[in-house]
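The same chain A turns up in both complexes below, where it pairs with chain B and then with chain C.
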Partner chain A sequence: MSQALGIPRISLTWLLVAQALVIVPHLGHLPPWIIGLWLGCAAWRIQIFRMRAGYPNGWVKAGLLLGTAGGVFLSRGSLVGLDAGVVLLIAAFILKLLEMRSRRDALVLIFLGFFAVLTAYLFDDGILAALFSLLPVTALLAALIGLQQSAFALQPWSTARLAAGLLAQALPLMLLLFILFPRLEPLWSLPLPKDRAVSGLSDSMAPADIAELSRSAALAFRASFEGQTPPRSELYWRALTLDHFDGRRWSQSSFARGAQSAAWEQRGQPLHYSIVMQPSAQRWLFALDVGQTTLAQARQMSDFRLQRALPVESALFYRVTSWPQALREPTAIGAGPGSALQLPSEGDPRSRAWAAELKRDYPQAERLVQALLGHFNRQPYGYTLRPPAVGPNSIDDFLFETRKGFCAHYAGAMTFVLRAAGIPARVVAGYQGGEYNPSGDYVQVRQFDAHAWVEYWQAGSGWVSVDPTFQVAPQRIEQGLEAAVAEEQSFLEGSPFSPLRYRQLGWLNQLRLGWDNLNYGWQRWVLGYQGAQQLQLLQRWFGRIDGQWLGLSLVGGGGSLVGLLALWLFKPWRRERDALQRSFNRFERLLARHAVRREVGEGPRAYAERAARALPAQAQAIRTFAAAYEAQRYAGHGASPALLRQHLATLRRALPWRFTRAAGE
Partner chain B sequence: MSGPLRRRWQRWLARRIPAAASVRLDQRRIFIIPTRVGAAFALALLLMLLAAINYQNSLAYGLTFLLGALFVVAILHTYRNLAGLVLKAGGAGAVFVGEQGRFRVRLESSARAHQAIALGWPPAALQSLDVPALGASECELSLPALRRGWLRAGRLRVESRFPLGLLVAWSWVDLDQALLVYPRPLAGELPLAGGADDQPEEQGACAQGRGAEDFQGLKNYQPGDSKRRLHWKAFSRGQGLLIKDFAALSGRDPWLDFEALAGDVEARLSLLCHWVLQLSERQQPFALALPGQLVPPDTGERHREDCLRALALFGTPP
Partner chain C sequence: MRTKLEACLHAVNQVLLGKEPQVRLALACLLARGHLLIEDLPGMGKTTLSHALARVLGLSFQRIQFTSDLLPGDILGTSVFDRETGQFIFHPGPIFAELVLADEINRATPKSQSALLEAMEEGQVTIEGATRPLPEPFFVIATQNPVSQGGTFALPESQLDRFLMRLSLGYPARAAEKALLLGDARRSLLPRLQAILDHAELALIQAEVPKVRASDALVDYVLRLVDATRSQPQFAWGLSPRASLALLAAARAWAFLDGREYVIPEDVQAVLPAVVGHRLRERADPAGHGGGALVQWLLREVPAL
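Here is the complex of A and B:
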């Protein structure tokens, strides 16, 4: 059988190329020694091919295998799980190339290569990664073609061209399958890449955490509104509330983690929008108050946050309807009033004393809140991302000594004082604002938009949100972080090359926004094309659909696509089988357009001579074609339609371009 | 395949692809099915689909669908690589039992090039060749000649796995080729020679053949005549090819008689075959007598062939 035969040179070359192309996207998450192994094995394989070295014997192979497995275990701490699994897959891909002898080995290697390309998507599924992955796939196919016993498979470029052509022809059918193939729920849960650094909000907050986030320009989510996008000062994206304070950190109480939903009344006009959020490794979703989502497995929790059953490990698309003016828990706090009044038993005495003083002066909660906000506004408080250090009584130190900080300091301090004054209050963590992208009409929210604000409870009006940061640095709310810290120039100071720092450069900004828009579209329409979204989209296009409809349209659509491709490949309407004659007919039509028409019974040579005299500038090209045609037709030279086509193209380029037929036609 | 099933299959094939000296492969004559490599590829795709489902990864879905669509596209390309190919029967020379019968087959392209076309009679290994666009390739296929008589080439398998090797398109083509298989020549003593009234004293005369003793004159050259006896002087004078004719010493031509031999039919035929070859080699006229058939004494290429043919076809239905 053919499988027992050796591996042709072209196939081996393409396999080596494919191997490099397969490994490159994995470089970011492979241990460095794998690169060494790869280069060593590739060099060895080339030497084997050049007969300068032998195949590894059994002991060497066993040693390499054990050494590699040991290496993976040492660098990944395990041999199972996705991260170790991918390293093992790549290692197998590398070692298999070394010991590959037969065609069967080469086939195994090619299939391994396809798997390795697939696993790369789990680490990076951006547009560029997707486009790049077409290269290794083409190279692997070229290697597969190179295994054929044909003289054709000995030409490196024609194998690659054929591979690319086959891929291009497969594309329409692939799109049909992509759109119509029903997306199933995971059959069993699999581990996801661990080393993907996820930055974002967590369920507890010390001021330093928010400062950390403010240094990151990583994307948190993007939101598209139906209709007018609200002004950025109204975009308070709730993630979760922090209602437990231990003297330093605000965190989520165990009650708030529970599943209860809270009472609320819809008021005012709702906002409809959709969000594509980046993986956060957390379960909560982002939404404006008070949001409801159609996403399955997501619910509204006791503090009006939206939460999913499983952490968001890959990009997630969901639709939300929000009622910004809704009345939230107007009669009673679900968790009991005590939960929003909790404070450490001691610490921060000055703040507590000040709170008691305020309560005496302003018995009404609303008045007290106004007074507190006015205090932040009038007193010399400053907004900075480089806050001075504070002592053990952090609230006291901030309120009365340093008076410099950012949203987390203000929200924390205000909640502390409200609670000390007997008003139920809690810190809300989330994002504020976001950058509007006019080219795609959406808002992109990045990690540096992380924000914290306050909501307090009052019988009758329920929870009311207030933002002390607005009193100190209104530009943070109205224009964003960059404007708020413009003076101290601390915006993204850790990343001097971030394009976000150069927003004043018009063209660069346009480029950045356009690229982001492209990525957003990719994420919404390609990466997010799963389960519910597929169903919604198909229903929007085709009305009600069911399994039978899907099956029929898959078969029908696939059949017609294959039929079209077959028509294009076989061209049954082209009854003229003779490719030589076809070329000559084209030659004739071309010359006829320049008023040189073949007489009845005029032979090819006489005709060409006459045409050469009529068109002296192109005589060379005309004679070249005619000579090649004659040689192939009459002199028994091997027929080469490609050569004739080439001569014809030369002639066409040489002739002046004519749109209409020449006079006399 | 069991006997009756095989016969039905052969009958069906004979109706669908009748035997002809020139066969053009088209959709009626081409079958296509995934190879083992294709099955492995499908299995790999299934695993990739499982990964895509479990990781809910759109790009993994995309790659799986791309390769799946590629499989479908490969059906068209594999078929196209065989479609339009014209197979023509070439010549086939006679052989002796125990030799390899060689059949020439000409492959012609009516339009595009055809890559890696494999031809042959399984289970023997197939021979692979390319056919250039609008060109032709020839190949020689061999089949062992096991029995004397006509060796029919039978249905020839033409297949192609190009371009990806995932599918195989094939056809069974009967080019109606046959060649004659002569008996295996076996050396041995020829017991007697001569006419019907054998004379013992003339034994051994057959071995002398047409001697160089008595020059009789010149006669026209016929194929099979020894070149050593060409009259070169006459040729150089422009008198054409003449042969110097000598009279043999023995008065009679040897008479190869089947009935005069002992042993079973095949052994006798083998022995006769050996002597036909021997005597022809020596340019000695001889006659061949088989039951119910007589080849009169003569010499030359034509005579030799007539005799061998008679031996090859002896006892077979006409």
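Here is the complex of A and C:
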């Protein structure tokens, strides 16, 4: 009460607590010296509050600012961009502590804090992060209350309770806005922060890349099927095809990158499912063959992959319908047959010779493929995540020397041999299988499910998919990577504490699947609740609607909400029933327009005297009314509202007409 | 009758310069049959005020100087053996006067203090088994130095509650002090004061005061004030029903002095600091001296209508 301009102790305490809570979720991506800066500034601010230290002067502040900006530049290489921007924001949020003299400064700090809480979502939008952000918001609100409400200045918990109460009261509004508020497409998009750059498939493949992926248990996507989930061995999730080989790597040709729409015929029963995809920073989507999606700005490309116009920078929800038995390009390859026969001009002579031999033995492509698969099956090929090193002729070395490798080796080698034998073929990269979560009835596919297989083309039957890995390690396809590498125990060997390694522990596995199910729900129903899904939900509730309807209903809903709030605040049913009091209220409002407002604790006579002094020309009328009111209200002269109204009308006529409150109010 | 009261105020104001509000409150306190506690430094005119009031109201006046060796008997009186009649004869103490000035009450031991305070509450004293009524009217003005001075026994809250009002006279204004310095000695003016009211008139007025009308709306205001002290966090404790009764009685007396037969919120506000200031403590400082800031808060924040 006494410090009109200072920052009360409670508010300062909550501010420091809030600052800590705001910074905690950023810890993962802040340079460590920011923590030192924060501790130092907080300690300094506390010493200022205890009057053991002074505020920094202009030079010190300028030095700190320059030092911090320099530090950000050194550790981030830039002062612009999302990552550096957030670091800069946090640094400013910390430095402002030292400048916080008045309430106004504290307000700036609190609003900065709210903004910093928001930026944390750019780095982590999971359910835990969202729940955690309630803590700093509560603390910031508590600081805000502590700043305004001096009557609370002695009780830290009551401010926190009030803040939590306010937050709870905001819940219905939040839900309403969440459901109804139209999701606008962003006007501009920011590049993802660096540590959000995710591992995943890329548009070129060397065996080592897939081996790298197989070490990651990060989630790639989750899929829910309508009806029965197909068996694991049928889940070949196509991402893209690699049709260019340079002797070491398979990559996507520039034609495949851009060309669209290949010819295909729907056959058999379709599968309907939806996918929530983790951000991949790539443009392609995942689907079973041959997929069609309703997602806007997504198309089927020439190699039957689905691709979006923009990279997937945040979790993405889409629905797909797939025809697994569809006939793909039965008559001609859209890109021309040469594209699927490309090989480097030299290298791997033994493989080429072997291909020519096979071609002689099996003139029919189907037979040749069967023979090749049988070769992989019968000969002592092994499946391992630790393949031996190969020389410059990588295909030769693999096929005839080491004979050990994983999907990328087998798919690459088979495609090579097929092409060398004159059969159009290409490598398909994607994911295979996935873990079925019975509690949520969905399949979760992780990075270690990354897979590569082969498709070859024949006139009449079109593209046909075959998987050489299945011949070598059928358990990889039927049970997953863990079973395939059980002997060499290389499954997730880089992360000994991953819960995926302890699937044999029943309760732990239950816990893991339940938690994953919760996260999936969060992604599907909260993060994925965007444009199309929102419209669909609203249409299910309200019938046919469009953007205009949504806008109107939002305005209407907001209006009625404000109306309800107004009812609740003004309580017209509790309107002054007392006619005398009503007259006096009108008297007050009338005088308030002439800059004479009654203080809460001011009695009617004192108020009337003050008004009479302020408006000497109308003093007579004012006193008459006040005397009549006093006589009726306090002297028990019998209520006569009519008389009061009469006096009030006299006064109104005596006063100059004014609609709004006078200046100086 | 009211002109006579105005004359009383005027007469006292002639002696005690520049203290009209305090004199008025003191008179209102007396009309409401309450006792008065004046808290101030020595030499601020406490004795002069009590003496002048006694003179103009025609009351007998006794002054008891409280000291640390004062005994209850020194206040109430003792029985002395009379050799001629062979009986104990009661010699009444200074308490048997209509207006008693208990000077520097906090210098005495709690035992002696309570002898006075019991007499104030009961309107009678019991000495050696015999109950003796005190005169009517009976009015105590106790004075007290601010407690920060050494060698004193501060009155406990329960006993402060017995006083209807607590006043502080404060330093006189410059003009008043100049008049004081230029004029006659104040004490010499006292004997010149004439009694303006007699006992019958005073009794009549004291009987009139409770009849002053307190409307529903006004009682609601008093209740709002009392409720605020009980519900707001900054108050260490709320006002008792005795305090709300005291507040209403004092407001009635104030309205009566103002020449009205009904109470308005301004009356309550005028007496509020004197009536509740010594009954309130801040929660932050429950052993502290007073609730001045709290009273200001009540005046400012509690809706008057």
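By definition in this document, the second predicted complex is superposed on the first by the 539 of 665 C-alpha atoms of A that agree within 3 Å, B and C clash if a C-alpha of one lies under 4 Å from a C-alpha of the other, contacts with A are read in each partner's own complex, and residues count from 1 in each chain.
Throughout what follows, a residue touches a chain if its C-beta (ideal position, glycine included) is under 8 Å from a C-beta of that chain, and two chains touch if they have at least 3 such contacts.
Note that this is a predicted model, so its numbers are computed, not measured.
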*Touching partner for A:Leu122 - first (chain B), second (chain C), both, neither*: first
*Is A:Glu346 in contact with chain B, with chain C, with both, or with neither (first, second, both, neither)?*
neither
*asked:* After the superposition on A, what does A:Phe584 contact: first (chain B), second (chain C), both or neither?
replied: second
*Mind telling me which of the two, chain B or chain C, contacts the most residues of chain A?*
B
*Tell me which partner A:Tyr634 touches in the superposition: chain B (first), chain C (second), both or neither.*
second
*After superposition on the shared chain, which partner residues are touched by A:Ser133: those of chain B (first), chain C (second), both, or neither?*
first
*Mind working out whether A:Ala606 is in touch with chain B, chain C, both or neither, as first, second, both or neither?*
second
*Determine where on chain A the residues touched by chain B overlap those touched by chain C, and list them.*
151-152
_chain C partner contacts - residues on chain A that touch it in the complex_ = 1, 151-152, 154-155, 158, 581, 584, 599-606, 630, 633-636
_In the complex with chain B, residue positions of chain A that touch it_ = 107, 111, 114-115, 117-119, 121-122, 125, 129-130, 133, 137, 141, 144-145, 147-153, 162, 166-167, 169-174, 177-178, 181, 183-190, 192, 314, 526-531, 558, 562, 565-566, 569-570, 577-580, 638-642
*Provide the residue numbers of chain B that touch chain A in the complex, in ascending order.*
37, 40-41, 44, 47-48, 50-70, 72-74, 76-77, 80, 83, 110-113, 115-116, 118, 128, 130, 132-135, 161-165
*Of all residues in chain C, which touch chain A in the complex?*
213, 215, 217-218, 232-234, 260-266, 269, 283-284, 293, 298-305
